[in-house]
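The next part holds the structures, each set out as structure tokens.
Note that chain A is present in both complexes that follow, paired respectively with chain B and with chain C.
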Partner chain A sequence: MTVVDTPPPRLPVRQTQTPAEPGVSPAAGPGVSPMLHRLAAERATGVLLREHGTLYLSDGQVTHAESAETPGLDVLLATGGALDAESWREAIARAGARRQVGRFLVDSGRVAEGALELCHVAALFDAAYFVLGPSGAPARFRYGAAHWLGPVRPVPVAALERESLRRRELLHRIWPAPATDTAPLIRADRAAEPPVPSRQEAVLDQVNGVRTAADISLALGRPAFHTLVDLRRLAAAGIVTTAAPQSLRAPQAPGAAGPAAADAAPEPPPPHHDPVSALLTQPSADPDVALLRRLRDALEAL
Partner chain B sequence: MANTETALKEALASIEGATGAALVDYTSGMALGTLGGSKSFDLNVAAAGNTDVVRAKLRTMEHLGLKGEIEDILITLSDAYHLIRLITGRGGNGLFLYLVLDSKRANLAMARHQLKKIEADLEV
Partner chain C sequence: MPGIDECLVEAMRLPGALGAAVVDWTSGLALGTVGEAPGGDHETTAAEAAELARLAAEHGAFAPEKGPDQEGQDPPVEDLIVSNRDTYHVLRFVATTFDSSVFLHLWLARADGNLALARIRLGEMAGRLVLG
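What follows is the complex of A and B.
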């Protein structure tokens, strides 16, 4: 049996030690982003660009967040049936230049104010979780920039940080291994699956050995963090696990390398996994091992 | 048609005996809005904790093979009612309204009825 460490959530500190631009001090204080703290304190307006996405600030409050890893507001609105893609495009065309798209959607009766606000705040916190996640690249801030959506319901920076940290802890509490957040996923053992709630069932149906959590979120039109939660629960139940790591290059035929092999930098051969043995050695592939790990975690938590 | 804040305000103002209300996302446990509560009763903590109540019930129904949907959940304390109403409308999938009532002043049947109306207002 493989002994598996259960690392605590990674701390949200930037890895780099060199300030990338004047005035930016890396990891100067506690919290998720010292730069964001400073911008909130000076009631800045503009856009904060980080490795995993952007935060729009107005008067020191967060008005909008975007990340490539999360579905946008238009997707969430479409999923709920509140707005179709055509109306969304029309609203951007008519009100985008004025930066009043949100206002226009409500005033023209296309979206109920409550539905817009709920989807907007869901998209904002969802994207911000990834934007404020650990980052290896320096952040930049462009003063004055505003998002074309216009204000919907601004969120204080402190509330956003608190929620992002709470979400990180929630994931860790459900299942402390973060592998399902990013890796391609497979179903562990269909025969032994217990029944799962319908929202998790929808996630499970998307698991095909190729898709990652982000792919599944986009396919279902759900907030990405919600998919992470569902996947960690499925992992904790031993139903979902990460797909076997695949070597990035196809193996070369023996003898085909020829003289070119001499030019290639010497490197250790990539570890070869055939899918079956890799599956068997994956710790969470075995429901009994998953159960034992949960027992151990529970006992340690006493 | 109402936004989150006005819906919660209406809940506290129109429902007799209501002392706190929250709109909660039950997957993340985040309160999208809270109103009322007190120093000794943190609605954000209550919101996060009650997601487990909702989830446990949904899971049990799944195990039992029940096809119905949860409309609301009532928890009766010695001096209070806690009422959870799941929201099913547009954009509201995966949310619930959480209402704390003083049991001495509240009319439970009326509170359930009004909560249903507030849900409808929020999502129309």
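What follows is the complex of A and C.
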């Protein structure tokens, strides 16, 4: 007997342009910030404020990044018990004014230097992925501003941009539909779920029809991009899908989706109107129906 | 207490060491690199090694028996060893108290490398990196 517990192989994705530039896919699109290039070239120090978050620069290198879409360093370190809220408060009180909180945490033995670096770099790239994403609002730069954490492991702007584009490409390759990145999520058919790896299972356990990827990352204290990767894999396997828009559901719980539903607003609603789609979205343990549903999603995403 | 760079420099002191990296296996990002990489490209090597590490970490066949007191938070695999005609690769998973998916990747010349020694040292480095 064979137990299939891996996501299905990647579906081929049609290239809409010739791959003249290796590594740049249609999914990558225009995502880089010309302003950031200029700031790196002039070795600027300060904070870049963009629609989805902020980047702190020191001498043209990125020292810190924050986004509302991602858990901050404090959440990441607190969730596993590496550093509690009291230690954070004390460190900020004693070293925040001179912007040396990171140094203080290491020197006072509250966290190992390697652990702080690993966690901070992970958080920096994680937030930067969202900050450098497509943006509809103009960016601003405030010269001279510095973050209270202080430099931990600065990252060159070029490396950050390259990685952000690579991450977009990676998500696109796993599953080309971005809906699970932002919308409230549901489990497609709990009874028919195959076993999934433990890190994906932790994500799956948080899926409840209301939470979005950002909510799940915060709850798990896990970088948001890691959650996006697992959700795309779960979507590709037909295990997780986006919750139907509230208007198509029974209208008795208008507040249930709350702010999460607002995040989902820009996503095109799933086509429930035609009878074939309606049939396919019926919960079913029949693997053929699950396969057809995945194919439909993949075709729509092309 | 070593940081990422000190850890990598220490790895390079092992006999036969050609290159080393600290890599996140979910994203394929190299958090730090030192020395050479196969094909001269650390970023590509990190992405490819991450894919191998992810498969090993996610497939139940490579996990130990689950005990009653196990939380399942630690990486289920300690290390991976790949050998070819002229080099060894040792990938050592790093257990952290915060949520992460990180491993150390050491590339060794087969003629000078000592696989047993490298495996032991890399395990010690992985511990010191996060515990100080």
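One rule holds in what follows: the second predicted complex is superposed on the first by the 215 of 302 C-alpha atoms of A that agree within 3 Å, B and C clash if a C-alpha of one lies under 4 Å from a C-alpha of the other, contacts with A are read in each partner's own complex, and residues count from 1 in each chain.
One rule holds in what follows: a contact is a pair of C-beta atoms (placed from the backbone, for glycine too) under 8 Å apart; a residue touches a chain by one contact, two chains touch by 3 or more.
Just so it is clear, the model here is predicted, and its values are computed rather than measured.
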Is this a clash or a fit when chain B and chain C both end up on chain A? clash
Is A:Glu51 in contact with chain B, with chain C, with both, or with neither (first, second, both, neither)? neither
Figure out whether A:Glu90 sits in contact with chain B (first) or chain C (second), or with both, or with neither. neither
With the two structures laid over each other on chain A, which partner does A:Arg199 touch: chain B (first), chain C (second), both, or neither? both
First, second, both or neither for A:Leu220, with chain B first and chain C second: second
Partner chain(s) touched by A:Gly81 [first = chain B, second = chain C, both, neither]: both
For A:Glu117, decide between first (touching chain B), second (touching chain C), both and neither. both
Footprint overlap on chain A, where chain B in one structure and chain C in the other make contact: 76-77, 79-82, 112-115, 117-119, 121-122, 125, 153, 163, 166-167, 170, 195, 197-199, 223, 225-226, 229-230
Chain A partner, complex, touching residues on chain C are 1-4, 7, 22, 24, 26-29, 31-32, 43, 47, 57-60, 72-73, 76, 94, 96-102, 128-132
For the complex, give me every residue of chain A touching chain B. 76-77, 79-82, 112-119, 121-122, 125, 153, 163, 166-167, 170, 194-199, 223, 225-226, 229-230
Interface residues, chain B side, partner chain A - complex: 1-4, 7, 23, 25, 27-30, 32, 48, 55, 58-59, 62-63, 65, 89-95, 121-124
The chain A residues in contact with chain C across the complex are 5-6, 76-77, 79-82, 106, 109, 112-115, 117-119, 121-122, 125, 153, 162-163, 166-167, 170, 195, 197-200, 220-223, 225-226, 229-230
